[in-house]
Every structure is written in structure tokens, then in C-alpha cells.
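The following blocks contain the structures, represented as C-alpha cells.
Same chain, two partners: chain A is paired with chain B first, then with chain C.
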Partner chain A sequence: MSLFLHRPPLLAVKDLCVEFATRRGPVTAARSVTLQIAKGETLGIVGESGSGKSVTSYAVMRILDRAGRIVSGAMEFGGIKLHDANETVMSDLRGREISMIFQNPRAALNPIRPVGKQIEDVLIRHARATHDQAREKAIAALERVRIRDAARRYHAYPFELSGGMCQRVVIAIALACRPQLLIADEPTTGLDVTTQKAVMELVRDLTHSEGMSTLLITHDLGLAGEYCDRIVVMEQGRVVEQQDTRALFTAPAHPYTRRLIRSTPHAAQTIRDLLPEDQRPPQPPAVAEPAATSGPLLEVRALVKVFESPGGLLHRLRTRGKSTGHAFRAVDGIGFSIARGESVGLVGESGCGKSTTSAMIMRLLDATSGSIRFKGHELTAVPAGGFARSPLRRALQMVFQDPHESLNPRATAAQSIADPLLRLDGMTGAGDIRARVEQLAAEVGLPCELLDRLPHQLSGGQKARVGIARAIATRPELLILDEPTAALDVSVQAVVLNLLADLKAKSGMSYLFVSHDLEVVRLLCDRVIVMRAGRIVEEGPTERILSAPGADYTKELLAAIPRPAHLPHHVGRAKVAWA
Partner chain B sequence: MGQLSIILARCLQAIPTVFGIVVVTFLLTRALPGDPAAYFAGASATPESITEIRAKLGLDQGLPRQFATYLKDLSRGDLGQSISTGQPVAAELLKRLPASLELTLTALFLSVMTAIPLGVLAAVHQDSWIDQLCRFVVTAGVSLPTFFTGLLLIYVLYFLLGLAPAPLGRLDLLHVPPPHVTGFLVFDGLLAREWATAWSAFKQLMLPAITLALFTLAPLARMTRAAMLQALASEYLRTARAAGLSRGRVLMVYAFRNAMLPIITTLGMVFSFSLGANVLVEKVFAWPGIGSYAIEALVVSDYAAVQGFVLSMAILFVLLNLAVDTLYTLVDPRVRIDG
Partner chain C sequence: MADTSFMPTLAIAVPRRSAFARGFAHFRYVMTSNPVTFFAFVLFALMTLIALFGPALVPHDPLATLADKALKPPGAGHWFGTDHLGRDVFSRVIVATRLDLLISVSAVAISFVCGATLGAFAGYWGGWFDRLSGRLLDTIMAFPLFVLAMGIVAAAGNTIQNIVIATAIINLPFYARVARAEVSIRRNAGYVQAARLSGNSEIRILLLKILPNTLPPMMVQLSLNMGWAILNAAGLSFIGLGVRPPTAEWGIMVAEGANYIVSGEWWLALFPGAALMLAVFIFNLLGDGLRDLVDPQRRT
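Up next is the complex of A and B:
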């Protein structure tokens, strides 16, 4: 939309350099970044972690933390030179002319202050309300971000609201004083797709109706493609490309942009398409159909998990220990099976019971009722606490969502991988174990010289490999993957997904792939199960579910996936009957 | 759940704790080495007289019988008689408790008034001179034992400079204690309009209170600094800054109120152990508190007095924890749902 270029820019950043002081000397986070935003324009900054996209926006707001420093460059906003404005001027501009919304909305709100009061603080600070009208105006601001029952929500604390509601409150704070520029820093990362869609549409509607400019910072090229007029691609602190959205997708000029577009699962036909052309191994061989006689590897029937609300002592005294209907049915009578060598996707939004289901199969949680049969043995017969000693434990392993948090920070990569060998396989002999660890590291593509490093010395992708190597150390037959790539950059995700596909082809493991990302499920899974509110909504071959979904909820999920108009799509976009 | 019902539930939960304390103090004092009867009978006692005294004290009966008697007395508020002084333990503790509380509360007030501003400033101006000062005070406070700082203060302020009065109890010899109202001499003096007495009591109080305050300052300042640093680095603070809120509001309403939570917890802990640290300070300053009473009783196996002391301290701890929990409930809305 080049029409924006003819207007004078609202914000112009020129040759911005930002440095961070670290123990090992200064690190440059932004290298001569130049960009402009016109009035009413939506500009996206896309890049992977460490690309300097957030740092650039913090520099514009002048809220870099203590270690960060603007070394050089000029920033001009509506005639005001931001780079040498003093703190008083900046503090007047923030929240009134330039606002910001953040990733992780619940943490972005003061946990012990009612949300209405937090909106009031901003209104009063920028003289948009006196103390008498503040409350009324705060409620109006909550209504503007489409929070139902705003007068009651005024008193709510952030922990009482869902993630999507918290983000609405953060948006209400940011837009309370009707600023000219809204900076959205990964505003929907960690939110469900349907919530993401609602939040993004809210931001778009509100900013368009006020003629505001928006700077959308995201790692998700698809999201930027759907909502932005123009996109800036950043890599390692540099702007590598700056284009109209259509041009960026149809004729990307820079190799990095091309790689980024390729790693985004939206456009990929097969899992190999995610990788750069010169690094593509041959397609993984198709897994032989499981022998008809063997029966399913895992069979789940009428599985139920009820969480009782514990209540206080008084409450328990009052009800004399009887259940009072406060119970929450997290998993409500589900049944499915997984064949040997099959890869099944379990998808659904947060709170749908998919993690509870995987925890029950892993025997980390006891089921309330129902049966889980694994290799013909009834798993629910063994209490969760005693399952670690069961011989079946070896055949059932898990890869966790956060590759960093799920590794012991004081154990080296080799120690983490050796742990199951020692405890479950009872291996002895340092030499044997080391040899086995090195073999596992080779299987997951982890260079041997990294084995003696601690988790904080490894990158996200390397940590993910350690987590996978640890899980496959005992040669499990079923691997439960709980959003294994959710915390990774797209290019790393591409590599890890391919690694998982190769491992499965080689060893014939079965996967239960728990995810909220339908695009990733499409590339990795044979079959998909859609869950909602503890129940299975729909189940079937991935191809069919994604191209011709039966349930309205599945259609809703598919429709919520951001899809830039300029990318080819492989997920069917069914018409949704909005209830 | 409402705040009131949570607080009520906490009070109910305290009942089994108190009963447990009663059992444990009873058993512990019976396990103490030394025979109270032998001590009470004196150096020239015959075995017969010791047996007689033992029977009189009820020590010849089995433990369950003794415990039943103890419980019965306790329900009447009777903590038994001290063997060494012959006075009822409850009365003596009540007489001495205000002295200890006056000292502890003053010390705590002083240390809170210094530690919290110091910690906040150190966190806000990280690595500045005030942060270094905070670090120095914390290290000194932790590493110097109270009897040493007490003696040092006496040496400098009383012996060398003559600024402080002689460290001999709560009042100098020229003044008569004011009429008993609160048991805190400074307050009672002011209430009775005996200004000179109040001033004298205040001067006597200062040195031991400062000694104890120096000791309790360290953990408080350190926790304040850490909690503030954590709050300052939080995402909600970034939101507040990005919304242009004034520095004062960001620091006080957004950062400090959140930092209060760990500070309150630390305050409760510091209060508890400063009641224990009292014992040494009371000895050094000849302060007639319950700490020195307990030490004297322990030395002569005066079991009733020790038992009474441990029990009243334990109950004080329970009340204190109750107060901390209540305060926490008021500050942090998140506590209110999972009672």
C-alpha cells in the first residue's frame, strides 16, 4: 500500500543503534535500523528471537532497561525528536501519544491492583479524567475493548481473568488516551488461535476507527501478513528487507526473507518443504502399515479426570467433606487409540483437557475413571506414584513444551541424556553410558562437543534436541510430544519437526503430538483428534479433518489461523457458521 | 471466599498448633537433665526429703498423670510455681513480658524505619553509593553478634562519650516507675505526665533497642532490596512505564506494593527470632525481660518456669504468624481464593 509513503511519516527512525552492556562487553542489539510509519499505517516488524525487533520498539519508547543504551541514530515522532527528549517529555508522550501492548498479558498487569484502577491510573496521569469521572471512563474503556459486564470486571484482578481478557485490559490501558501510535509487541503469542483472532481484530478495528498507526512486532510471518500494510524483516539487529506485504510474499528479495517464508508451516506441502532447498534430505520413508494382528499400541476408553475444588477449612466443615458440585471435569469420557508407528495429533485450545490427557497417559496423574491400555496392560491399575518402577515406564516417554525449563539447570546435556539410561535401563559403566549418549546425540544431530555444556550454554534448538535425545534414550514405543516446538523460532521448529519425522521413520515409534498449532499437526500427524472442554469433538485422518471438517468447532479453529492472502494454503478454509 | 472467613479459618487452624505446642513443651521440659527435686531440696538434703519434695511437686507420678494435672492447671491459667523464686510463673512472666515487648517492638520499629527506605533506595539506585552502603550494613548486621555490638555501643556511647546512661535496666535509680498502664515505661511515663521519667526510660531503652535493631536490620534491608529489584524488573512495571505513569506512582503503587509481600513474610520471621535474640541483649543491658528470666530458670532446672516461658513464646509466635497471614490476605488478593 504505497499510498502511505506519500504522507509525512508519523514516526521516522533513522540509523538507530542500540547496545547492551553485558559482562562480556557491549553487545549490539540494533544496527542502524531505519524505518518509517505513516499516519494510519500498520507496519509489521518480523524476525526471530535476537533479531532486535523488540529492542527497536523499546528504544522508540525510551524504556530500554538499565543495561541498554541508544548509541546513535535519530527518532522523530510528529516533530518531536525522541532521541534527545528528556524524561519529562517522554513520560508525557508515553501512554498519551505512543502506547504499547505486550506479550504475556497476565504478567503485564499489576497482579494486586484491580484492572479498573490500572486504567484509571493512566487516565488520571494524562489528565483525561478527574478523580470523580475516572471510574466511569475506565468502565467505558473496558466496554470499548468489548469486555462484557464491564462494571463488574472493573473490580477484577488479573488472575481472575483469562489470558485473552487480560490482553483486552492491556489494550484498554494502551488506548485509554487515544494515542496516535500503538506498538504491539508479540500481542498474541501464547494465546489460543481463536483468542488471537479476536484480539487482532479488536486492535485492527479500534486503530482503524481512530486513524491510528500500528507497529506490530511478531515472529509470526502469517500474522504480520494478514494484518500489516507493510513489513520490515529484521535479522540479528539489521533490517534486511522492507516491502509492501504483497511484494514481500510474492517477490522476497533477501535470502533471509525467503528462508523465513519457507519455514512458516502455512505454505509447506510436506515437512521437507520447511527446510532450505540445499539442506533437504530425501523424504522419510513411509512407515509400513501396522500388522493387523498386533492391535493398537495404546487404547484409551471412557477416560475421566475430575478436579475437586479443595475449598477452605470452613467450607469443608460446612459441607462436612461432601462433594458440592465444585468439581471440574477436565477430561470428560474420552476414548481413542494409537496404532504402532502411527502419529496422532491431539489439538485444542488451552483448557480443553489435552495436557491432562497426556499427563494421565504418562501416569503423572491418576485418572478418576476409565481405562488406558498400553501394549495390552491396564495402566490405570498402577497408581501414578508407583509407575516409575513399572517396566512399562521405559516404553512410554515424553518431550516437554519448554526445552529450557524441562532440563535440570545444573546437569550437563550428557547427564540429562544419561539419566533415563541409569534409572530405567540400569546401565552401568561410565564408558558404555558415554558411548550410548554420544550415539543418541548423533541420532538427534547434537554435536558431541556440546554434550558437556549446561542448559544455559545451549541454544533453544540444541536444548530441544537434548530433550528429545533424553526421551528416546530408552527406545520408547510411544512418545508423547507436548507442544515440543511452541517455544522455538520457525527456522528451528522446521529442523526439529524434520528430526522428529526422521526418528519416527527410523525406529517405528508412535507419537501422540499435543499441540494447538494445526499447521504443524498437518505436517507431522497421520490422524488428528480435536478436543474441546474435555470431550472429543472430532477425530479422523489429518487430511480429511483439515480439508473438510465436520464439526463447527474445528471449522472455527481453522478459520482463526492467520493466513496472509499472498501465501498458498493447504488447510481448507471452510465456511464457518458463526453461532 | 471473603477475607473474614479466611482469617477465621486461620484462627481455627491455630488451635491444633497450640495444643501440639503444649504437648511438646511438656515433654521437652521433662527430658531436661537435672532433678528439680534435688535442686529444690538444697545441698544438705537427705534422700528421704528429696522423695518427699518429689511427691509434693507431683513428679513421682507417671507422665500421663502429670500431663493431665498440667492441662487442668493450664485451663485455669495456672502455669505452676517457680521453684527458685516461689512465685507463680504466670505472674512473673506477665510482669516481665512488657519489658521484652517494649524492647523488641522499639527495635523492630527502628529497623523497619531504616531498612525499608534503605532497601528501596538501594534497589532504585542500583550500584550507587547507597547500594554499597546497604550492602555494608547488611554484611555488618549479619556478621556482628548482638552481644558484641551491644558492648561496643556501651563502650563508645556510655564509657567514652557519656552520651548514653549506664546500661542498668529500664530506669535509672533517680526515678520511680510510673503507674502501670501498658507496662511500657516510656508510654506510661507520658500518660502519667511524668516527663522526666519518660525521658529517662527512653534513654535507657535506646542502646539495647539500637543493638537489636542493627541485628534485625540486615535481613529486612536485604529482602526489601531483592523484592524491589524483582518488582522493578517485572513486566507490569514495564507496562506502567509505557503508559507514562509518574515515577513516584510507578515506584510506590506498582513496585513497592508488590514488593511488600515478601517483606511482610520476612518481618514476621525477624520478629520471631528477635524475641530469641533478646536473651543476649537483655543480659548485656541488665534488662529485666523474659529472656533473662528463662536463662536463669534453665540453669537451675526450674521446669515450671521454662515450660511457661517456652509455651508463652510459642503462643506469641502463633499469634504473630496469624497477624502476618492476616496482613498478607489484606495485601494480596490472590490468597483470598485458595484459602
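Up next is the complex of A and C:
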């Protein structure tokens, strides 16, 4: 891949420093960043949150917000000095020569304008089309990003399209004027793996056929490894390593890169492999097999959840008492069981009903029909609204997906953890509660001095710990983990996953691990359930499902996981991976 | 952001401070970060002091009439001049602060409490209660609000109590709407679900977990409404409803003084009018500061 080095760079960034003015004085977000992109090259910038990867791209586009300032450095794009170009030059370049696609495609589109018109706007703005031919060109652009039935989709509003379709439209807008450089800032975060694969392949094919250069900004080393020629690794505003993809994976030079590669679940044999060698605690002791006499802890049978579409008043009157055709069956008759001390992965793409299922088991949502038996008690007998007073509430707890959103912004960490103790255990006495909270904090590895902080004063990993401490405060028997690491950086994810494994080994809890990430499930779960469109597609021991999947859908999911060719893999080593 | 979990945490020893000390530190931060907020709070404190101690400090009796000194322009003896009955305008403006502030604060307090409760219940449970209360509030909003207040005071009787009630009713829909919207977007937030799992009852969740989080936008509404309420009370008095002469009140004073502007005695209407304007100005400035005070994200 080093052949790119001999070509003149399309974009050259030299010693770029970016500062943000904050309440506590200036914060340096990028420290002397130097990188180059050759014509036709795909360069990946990889780093965890706060590493300055997005800031670098914003600086190149000169779209830093008001607090941000380019302190020093030079940026040159095809002979134009970007660092002292004026706004007129920049707005001409943006969209025509350098385009950008953003993380949340739905937010990047104007919600009240048909997508076709939004493509036209860009074409007309950069004089690539006149009003008469703009429509044709816009439809052609939609066809180029493989949107079927483009002439009809031209009139669609963003809310009528799925997330993957929206991202295609954003790509169509970005590529409409045939730019020379495409900056993709986390283009597939929040999309399902199969959609991610489709979008990334589209970007790759289009950039190759047009001879464009691409700057892919991502936190996912696997994704960068699969699609990039060269990778720049950033940490805390600095470029720590810059290498060809193969060299980066086979001979990483910087310790941070090594840590990052290790934290990525692709290569790990066991959950401990995710952590740096010097920080690995001993393997968790094997869980003592519980007496098999007690039967399963949780048994779900023929569980159904139907969401009625509200419809108009007239419609409701007409169909009163009858089931309507507009109903959406989010969960469609599923059944499974969880034994004591077992951890089960529930895997599927967005909209498959996995979150609805977990909400019903947690009694946050009433089931339409079916039965949920927990320790022999029928849970559906108590309506969700009154379950707070049930003695079983203590035994069923949950860790939420977004650690930030699941903490009350006005409550300190200690108050959040103490809430279930006060309400469910009836603990009294400030001293006792404080002692118990500190004990729980120690269990999840949260330093005691952080207990009096508010959620926004904690980092993502610390917030995740607070959420876990709260969930285990009442010593539950079943803990549902709803994508507990989806919002976290890989190194933090590694630590949190290990923490969860240790807690389980210590207390013998059962886990229902809801996730879209098969790699993570592989490391944590004994058994996997694959769901699609409200039904269970496949169920079985993790090892078998991931190495020899039976259902086509499972194969598709496994094949969609981005895997750099230079890393050893443990998922789907069968031919499936290359299907 | 790199997590420092398994590594030894670089603990910067932060001494645990009492809630009061933390609150004061936050107050000081909000005041020093924005000079306009500081200015508004100083003026507000001054106005409150005048309302509390003004009647004891004024140089003249606000009701004493001195026929020989009628319509004297501002001067050394009477800073704001005297009115047509020889009463000292300065003393009357100062003394009126207490009454006007009392009316607006109590009216806004009533509408804040009632409106927030109504809106919070409607936003949390939805259903028929939401629809019913929503239409009721729409009905109130359908009237020109000042005309509605006039109608209520005219029908119920010309007392201070009725002015407070009328002002509270016309301000109610604003709080109810803000509270309803703010509660309904938080109804299924992650921390609310977590509170359900922690065994909180629904009413407890609403009152202790959701309502406090709706305070920042409510505070902005509150300060704007304080200005409206004070204008409304003065307006009612101006047209002869509400407070009656000879009580010192800004609205009446402007109304009485208005007759003398043509003949050149401008000070009768100008000074109470300026006091009114200043009060509305202070309340509007307070809004941002109040919001910052109750917003936990502003704490460092």
C-alpha cells in the first residue's frame, strides 16, 4: 500500500493545533497533528472519544464551532491553503471538493424537505446543474447509491426512510458534486451490522470508481482495518502512530495501538485477553453448578407483544373490540428459558423485538399474551404498573444501554445507587446506607471520592459502573444487560465486560445479555438466542452458533462483522465468514 | 476519554462539602460568570429590600395631603415632586413597591404551583385527563388574557385577592403547557425506567425524579411571567379595576398622573411608570440566572 506515498498528497495537514475555549481555560483538542492523504487513498483515523479525531476533520473543513480555534499549523488541499482561506473560498470547496458525511444521517438531513430536493440544492449551489436538469441528476445520484426505485424515493421525506437509506441519501448528497475528498465521520455508528456492511461497501466502491480519496473517522479498529489503506491512530489529541493497515495490525509500534488492538474483541480468546497484560486479574473462578433440581430460573413461553397503531377516532370506533390489521407484532410468540447462573445472549438487529422482550421480562411493559415464569411465579399476573411493590422486584434488575441517560441528572452517584436500597430494601439510617453504597462502589471499582459527583461530572465508564452498582444493589437473581457497553469506548468496554464476568462469578447471578454485537456475546455468554422480526431464528450454545450457524440469518449477521484480514478471528472461522 | 479504572486513580482529594456550601459555591459561580445576571440579582435584592423596609424609611407619609404643596415639580424637599393633592410622589412610589410585588409574586406562585401540577399529571399519564385539561387551558388561552382578567375582577369584586386570582388564572396555561411538554418527554427516559426498577411508585417518580428536572425551563417562564403579572396588576388598577385610590399603587398613580401630562406636570406619571418598567426589566433579566441556578449541568 506504500505506493500511495509516492504520489503527491491531496490533503496535507502539518502540525495542526486546535484549542477550545472553556470555562476552565483553553483545552487543546488537537496537538500538532500531521497527516497526509494521497489521491485515491483511503485513510482511517482511529481513536477513542476525546482523541481529537473529529476535531481534526472539522478543522480541515473549517467548521469548528465558535469556541474552537486553530492555533497553529498548516493545511493544504490541492494547492489551496485551507488554514488561511477565507469563508467564500471555503464554502465553495465544501461540498464540491471536500464532502463530509456525519454520524447521525437522520439529523444531517432536513426533516421537512424531500430527499431529492436536498440533493438538487447541493447541485444548484455548486452550479453542477441548472434548475431544468437538477431533477434528473438528483435521481441519477440516488441510483448511484443503489436506492431502488429512485424516481419514487425522490419525493420521500427523511422520516419515511430507514437509517441505512438515510445514510445512502447523505452519501448521495456528499458525492453529488463528485468531490475529490470524502470525509466520513463515524458513518455507520448506530446502524446495524448488515446495514453497516452495505453502506461501507457502497462508499468503497464509489470512491474507487471515482478515484476519490476518503478519510474514514471511526472508533472501530475492525472497520478501519477492513476498509482503509492506511491508519492513523490518535490519542488525546496526538497522532501516536501512522502505518499501513497490514503493518499496524501485524507490528503495532506504539503501546496505545497495541492496547487498542487488544481491547477489540475480534482477537480475544477469553474475556481477560481484552485487558492489558499487566492489569489482568486472575481468571474468575468457575461458577459452581447449581443444583439442577430447582428447574429454570426464568421460563418464557409463547410471549407476544402487539402494538396497536392509534389510527383516527373513526377508525377506532369502527374497529372497537376487534383486532385490527394495523397492529404491529413486535414480539411474536417467543419462548426460551434461563437457568440459574447462566448467561444468555439475545442477539438481533434494531427492531427485532429484543428490547421489547427485555422490557416485558423486567415488567416495564405488559405482554399482550404468553407467560413469563420466574422462580415458579407467573410474572404476567401482576400488571407492570404495580410491580414496584412486588417482592420479586428485588430479584429482577437491569443495566441500561445509555449509561448517561439512565442516571438522574440531579442525583449524585451515591443517591442513584442508594435509591433501590431505600425503596426495595427499606434501609434507613444515613450511615448504614452510605456504608453499603461505598461497599457496592468498591465492588464495581468506582472510587469513593466520585460518589458525590453528578452524572455529567463522570466519564462514560464511571457512569456505566454507577448503573451496574445500582442494578446489583438488591442482589438480583436475574440481571438484564441491555447493550451495556454500546455507548462506551473499546478499552472501557473491555473493563466493564470483565467486571460483569467477575460479578457473575462471585454472586451467581443469571444474565440476559441483549446485544447486537456477536463478538461481545461470544466472550460473555454460554448460550445465544438470535431474534429477527419478533421471532427466534436460532438458539443454542454460543460456540456452536458462532462456528456452525444453522440459520441463514445468523450466517448473514456473522458475515457482516467487519474483520481486518490481518487479525486472527474466533468468530465464524468456518467458510461462513467469507460467504 | 480514557477510563482509569484498573489503574490507580489519580485522586485529587476533594473534601466533602455540605449541601449548603456547594449551593453557595454554585450561586457564586453563576453570579460571577455573567455580569448581567449579577446586576439583575443586585437590583432584585434592592427591590425586595425596598418592599420590606420602604414604608418605614420614606421621608413623607404617602397618604398625607398638603393642599398648599400640590403639583410641585421635583426638587430638594420632594425628590419626585408632589401630586395634585400635595402627596409626595417619591414616598408613594417606594411604598407601592410592596403591594405590587406582593400581588405579582403571589399570583405567579399560585399559577406556578397549580399549572405545574396540572401539566405534570397531564404529561405523565396522558389519556382523558390530558385531553380535558388541555381543552380547558385552550379555552383560557382563547380569550385576550387582559380582557379575561378584567372580566374576572369585575365579576368577582374589586379586591386585591381577586386581582391575584385573576392574574394567576391567566398565567396558568403557560406553566401547564411547559410542564406537560417537559414531563412527557422525560416520561420514559432511562433514569425514569431505572427508578421504576428501583421500586419507586409512579407518583414518587413524577414528583421526585421528573419534576425537579423540568425546573430550568420553568424558571425562565417564571421570570417572564413575573414581569407580565406586575404589568397586569398595574393595568387593572389603571383602568379602575382592582386597587382603589388613595392606596399607593403604580398603576393608579400612572392613571392619575396621565391627566396632568398635557398641562406639563410630567412627574406624576413618569416616576411610577419608570418604577414599573424597572421592575419588569429586572424580572426579565433574572430568567437566565434563575435557570442557571437550578440546572445541575451548570455545576462543575
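One rule holds in what follows: the second predicted complex is superposed on the first by the 562 of 579 C-alpha atoms of A that agree within 3 Å, B and C clash if a C-alpha of one lies under 4 Å from a C-alpha of the other, contacts with A are read in each partner's own complex, and residues count from 1 in each chain.
The rule is short, and it goes like this: a residue touches a chain if its C-beta (ideal position, glycine included) is under 8 Å from a C-beta of that chain, and two chains touch if they have at least 3 such contacts.
Values in this document were obtained by computation on a predicted structure and should not be read as measured data.
Novice: On chain A, do chain B and chain C fit together or clash when superposed?
Specialist: These partners clash in the superposed model.
Novice: If you stack the two complexes on chain A, which partner ends up touching A:540: first (chain B), second (chain C), both, or neither?
Specialist: In the superposed model, A:540 contacts neither chain B nor chain C.
Novice: If we overlay the two complexes on their shared chain A, which of chain B and chain C does A:550 touch? Say first, second, both or neither.
Specialist: neither
Novice: By the touch definition at the top of the document, which applies to A:49: first (chain B), second (chain C), both, or neither?
Specialist: Once the two structures are laid over each other on A, A:49 reaches chain C alone.
Novice: Check the residue A:508 against both partner chains and state whether it touches chain B (first), chain C (second), both, or neither.
Specialist: neither
Novice: In the overlaid three-chain picture, which partner chain does A:410 touch, first (chain B) or second (chain C), both, or neither?
Specialist: Second partner only, chain C.
Novice: With both structures superposed, pick whichever of chain B and chain C touches the larger number of chain A residues.
Specialist: C
Novice: What part of chain A is in contact with chain C in the complex they form?
Specialist: 23-24, 48-50, 235-236, 275, 279, 362, 364, 385, 388-389, 393-394, 396-398, 400-402, 405-411, 416, 419-420, 423-424, 445, 447, 449, 452, 454, 456-457, 459-462, 465, 467, 470-471, 489, 491-492, 495
Novice: Across the complex, what residues on chain A touch chain B?
Specialist: Chain A reaches chain B through residues 61, 63, 65-66, 91-96, 99-100, 102, 104, 107-113, 121-122, 125-126, 157, 159, 170, 173-174, 310-315.
Novice: Over in the complex, which chain C residues touch chain A? Could you list them?
Specialist: Against chain A, chain C makes touches at 1-3, 5-7, 9, 11, 13-14, 16, 33, 189-191, 193-202, 209, 212-213, 296-297, 299-300.
Novice: Can you list the chain B residues touching chain A in their complex?
Specialist: Against chain A, the touching part of chain B is residues 1, 5-6, 8-9, 12-13, 126, 233-236, 238-247, 249, 253-254, 257-258, 261, 331-334, 338-339.
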